[in-house]
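Two complexes are shown next, each including subunit A; its partner changes from subunit B in the first to subunit C in the second.
Now for the complex of A and B:
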């Protein structure tokens, strides 16, 4: 009996810490979002559920449905995130596939180079692009020399030639650039786990390379793809800094910018908290989905 | 470097005998090689250029312009060590990272050991809570801490203490994942043997489990350091003013404003510290697990972060 209790005691300090600074912190969001404000527009949290005032939550919901003032931002966020995760999939899958199955003697180097961006501060990676895409930066010059800017202008993706001047396309490409590394690594791990013999069996049974890919490898890597896409979509949903660094224009702002403006901007903290509650409810499903896949992987390792 | 001996043997066999290339779904994935290397170039070249610009002689931040160290050490008030604001950001970042590392690691280790063994009522939700910070968008997390420290815990308030607490909270989950991975690798055998021979639980933990966990502990310390020094959102939300600004906050504030390479120099220094921590983590992990049968240490360390979006 005493033996068993010790594990609980060991976990206690960490659980208390997470209880206070994670669980109670989130409860603070609920209490402020369902609270009120004083005459100085400072939020008064209602900690007791019986006191909850749903005014701000209703206001937040009304703002994100069609016709509401934040509806365009919601639509834009969904479009940006969808395009960005599609881009991440199209770039990341071939790279992860190559690294896990074909890199041969380069494998060690390729894996290190794929991990590196992971550990370079996200802000620094975005900052590097603000230098490159400035009107006299190398990136702008290369894009202009290749006529990519005029191509993008002619199909309406770019307005003018200033890549940092409030362009949606720049924000999307920056999101892809920023989050692809986080997609590649879990996918790499899941592709790496596919038994080579299964693929050989498919070939031995007469499957030509394309169908052994579509009918064996792709279905087997589906959990890795889904987990990876969820993993990058979640932080994108709360991202405000990519947009500020790459555009800064309200015409490209995402849901993260709206929340950030409400919370850090001034008088609308309660509304910001209510928006945060809404965002969390929408994302909770995806968060739990990812955790389940993470634990399934751990279970496989343990087995 | 990372392939195990058997994998290497298979690869060489494949190149020698064409029969074995049948196991290859695409026998000549040239375009895959191309896509991968173009991607790697695309992902790293911008950062390399930003670092190169830090060593500029001239004032341009958008083009290469001579060589000098003046944006690091110059006696003008614009260099990292000449501008108090930049220098303070660097020391503050290092302070936060050091404290976060020293607090998050022991808490995370105990939590990991406890969760691994604890099979009672409440262990299910406890597991979810321990991992949830990994997948919570940082904005939600930061808003929560910001509102907590401005309402219920306003006695602590915003500032360095709040920032350290924030960093500890999100990095503890990473420690849990690292240490639990190691616990699974080590297995319960040695520990059970010690218990069977009559060692009391605390002695088992102290004299058997902790030495076995040493590589994971070293890796955790340095990875928490790297996570903390790279963090932006939590630092920004919990900052109380200019004196609690961190390096990423400075970069963010000046990215589109002040056009001087000193910001690049600051970013370069921060990257240097992160990479030092990681190389050290890798070397220590390799050294401490030498002789063990395992996958590549690089890949083990890599897999650690597959839970984080920062």
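Now for the complex of A and C:
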């Protein structure tokens, strides 16, 4: 009892900090999105929920349904994010698996290498690629020497040979590249927790390695996979600078770009805030699904 | 009180429509004030508040012409406007403030750091620059975030909004003597700010097409409509630029479609321009940005819509080793294309108004203006004493880019992006966000 009180006391400032800055900021977004604008098209937040005006939210919803102005952006974002998280899964899972179970004496080094990308900020890593992938950059030259660019354009993934010239594939690859470390780490932690004896038991009971992977390891790492996917999909949904740096063309703009345009650019800030509310609701839905499946899995394990 | 987004209200809860009714009825000076302060304000406008003179509407009993979102009449070249004053200018005899930080709000890379350092040394202040990407962004941050700057760099089309929102303070002309002494006569009392009540000009520019003549073989000047050079640059897909500025982008599409009035609020013409931009996006897939001064010399873009200063600034600062300035070419529409100037203003929130005035005056000193132009920004100041042709003859600036400076004649004959009505602005904005959504 005494112990609990001490920890509660110690956690209080942090909880207060997080709560304050999340709740206040998010409430401000809601108040703007459900507020109004003045004669100069500047937003007037409605702080009192009784005053809330749902006009902009309706406008935002109308813009993201089929036929609406932002429908193409929504479709594009869903495709980009789906492909990017699938890519992160295919690339990240073997790495996390290797690092947690087969790295042997290299394990320490592999873990350091996995953390290495965090030493350089995301945006700096993207900036590096804008130079490498420029028409006369080293990256483009290597890709060209290996005929990768012509391979990509022959199967219709690349239009021409300019990687930075508004190509959807570049944005997707950049998203995978940028976010895959965030996917690997939670997965690594989850795979690492799987008790070696469980796998041994599977083998003892006659399961060949593929079967023990499919029927034991993979199901047991599902919470890790889900955590990793949620951890990368959520920021991807709001990401706008990857697109800005790697393409900058409206033909590849994502939902984050649209919100950024509304909020930074002109008189449609309330609409931008309403879009943010809408996006949060959609993401919250996925988050709840994640939490539910997590609880279900834990239930199964306990049973 | 759930009102629809179509009918915005002001802080005091008055619908915009009823405000406009009043705007029409009252003298414009009062209306401008009401547009800002809301219905609670019944303060009579003082003599100096109303503004007068020129052919402007202010104080004109026949008021009722088009006004912007702040209720201030739209300035046009043939319709000069005197802006209202809501406070008295700072006294010329006041002592300059000392010490502390002097804050400037500006585009990136748009002031020579050496010039700023020299000013800081001269006045004993630490000069800090905060940057914005577009004047729209600047306006929205200024009006919502309550940022405190001393000097704000802006464009004439934003001016009446800034004044109407009381974000600027009126200038004391005694503190900026260089305006009359050194600046082109055309801009000493410009039509967008008769009597230079709030602004002094910063630099002049044109908007046109810049390209790498070693990579693209075009000559806009030989085309019937030069802007076609960009629409036709299909071989450069993805390596093209469109300015990240709704007025410039849609305005260019209007000129491309042969519509000379780039300050219209007409839905039909804006739709036409949007269709033109969509076609451009399909054909040449431009990047929407304003960094041509760096990406054109680097070859990351090969042709694009850009400002004249991008070429010179690129030639001065950003050419990679071994690339001569002569690989860059520039064209602008001499008749009816955008030829205009940016402005320097003093923020209402400035804690150092005297130093701010002195900064404006400093930027209009011939030597300072020259250093800022030739050694850094590449945009030319409208200085009487500056002979741009000579700079090219002497090789100080690359001769191949001699059309990237603005002659006094071109300025006098030029077009420019000017303030729109509130509805007009909304029309442009809607089209622009539609375009940006791809």
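Here is the rule we go by: the second predicted complex is superposed on the first by the 265 of 303 C-alpha atoms of A that agree within 3 Å, B and C clash if a C-alpha of one lies under 4 Å from a C-alpha of the other, contacts with A are read in each partner's own complex, and residues count from 1 in each chain.
Convention: a residue touches a chain if its C-beta (ideal position, glycine included) is under 8 Å from a C-beta of that chain, and two chains touch if they have at least 3 such contacts.
This one's a predicted model, so the numbers in the text were calculated from it and none came from an experiment.
Peer 1: After the superposition on A, what does A:159 contact: first (subunit B), second (subunit C), both or neither?
Peer 2: A:159 sits against subunit C, while subunit B stays out of touch.
Peer 1: Once the shared chain is lined up, is A:116 touching subunit B (first), subunit C (second), both, or neither of them?
Peer 2: Once the two structures are laid over each other on A, A:116 reaches subunit B alone.
Peer 1: Examine A:108 and indicate which partner it touches, taking first as subunit B and second as subunit C; both and neither are also allowed.
Peer 2: So A:108 only meets subunit B here.
Peer 1: Applying the document's definition of touch, where does A:72 land relative to subunit B and subunit C: first, second, both, or neither?
Peer 2: The second partner, subunit C, only.
Peer 1: State whether subunit B or subunit C is in contact with more residues of subunit A in the superposed arrangement.
Peer 2: Counting residues of subunit A touched by each partner, the higher count goes to B.
Peer 1: Name the contact category of A:94: first (subunit B only), second (subunit C only), both, or neither.
Peer 2: first
Peer 1: Would you sort A:136 into first (subunit B), second (subunit C), both or neither based on which partner it touches?
Peer 2: After superposition on chain A, A:136 lies in contact with both partners, subunit B and subunit C.
Peer 1: Could you say whether A:49 touches subunit B, subunit C, both of them, or neither, answering first, second, both or neither?
Peer 2: It touches nothing on subunit B or subunit C.
Peer 1: In the superposed view, which residues of subunit A touch subunit B and also subunit C?
Peer 2: 43, 134, 136, 164, 248, 264, 269
Peer 1: So in the complex, the part of subunit A that touches subunit B is made up of which residues?
Peer 2: The contact residues of subunit A facing subunit B are 2-4, 6-15, 17-19, 21-26, 28-29, 31-32, 43, 45, 47, 91, 94-95, 97-99, 102-105, 107-132, 134, 136-139, 164, 177, 179-182, 185-186, 189, 196, 199-200, 202-204, 209, 212-213, 216-217, 231-232, 234-235, 237-241, 244-245, 248, 256, 259-260, 263-264, 269, 272-273, 276, 279-280, 283, 286-288, 290-291, 294-295, 298, 301-302.
Peer 1: Along subunit C, where are the residues that touch subunit A in the complex?
Peer 2: Those in contact with subunit A are residues 1-6, 8-11, 16, 19, 35, 69-71, 133-134, 136-137, 140, 143-144, 161, 164-165, 237-239, 246, 281, 285-289, 298-300, 422, 425-426, 429, 432-438.
Peer 1: Given the complex with subunit C, which residues does subunit A contribute to the contact?
Peer 2: Residues in contact with subunit C: 36-44, 51-56, 59, 69-70, 72-73, 76, 134-136, 159-160, 162, 164-167, 247-253, 257-258, 261-262, 264-271.
Peer 1: Subunit A touches which residues of subunit B in the complex?
Peer 2: By the definition above, subunit B touches subunit A via 1-3, 8, 10-11, 15, 22-27, 29, 31-33, 35-36, 39-40, 42-44, 46-47, 49-50, 53, 61-63, 107-108, 110-111, 113-118, 120, 126-141, 143-148, 150-152, 165-166, 168-169, 172, 176, 180-181, 184, 195, 201-202, 205, 226, 229-230, 232-233, 237, 247-248, 251-252, 255-256, 263-264, 267, 270-271, 274-275, 278, 296, 298-299, 301-303, 305-310.
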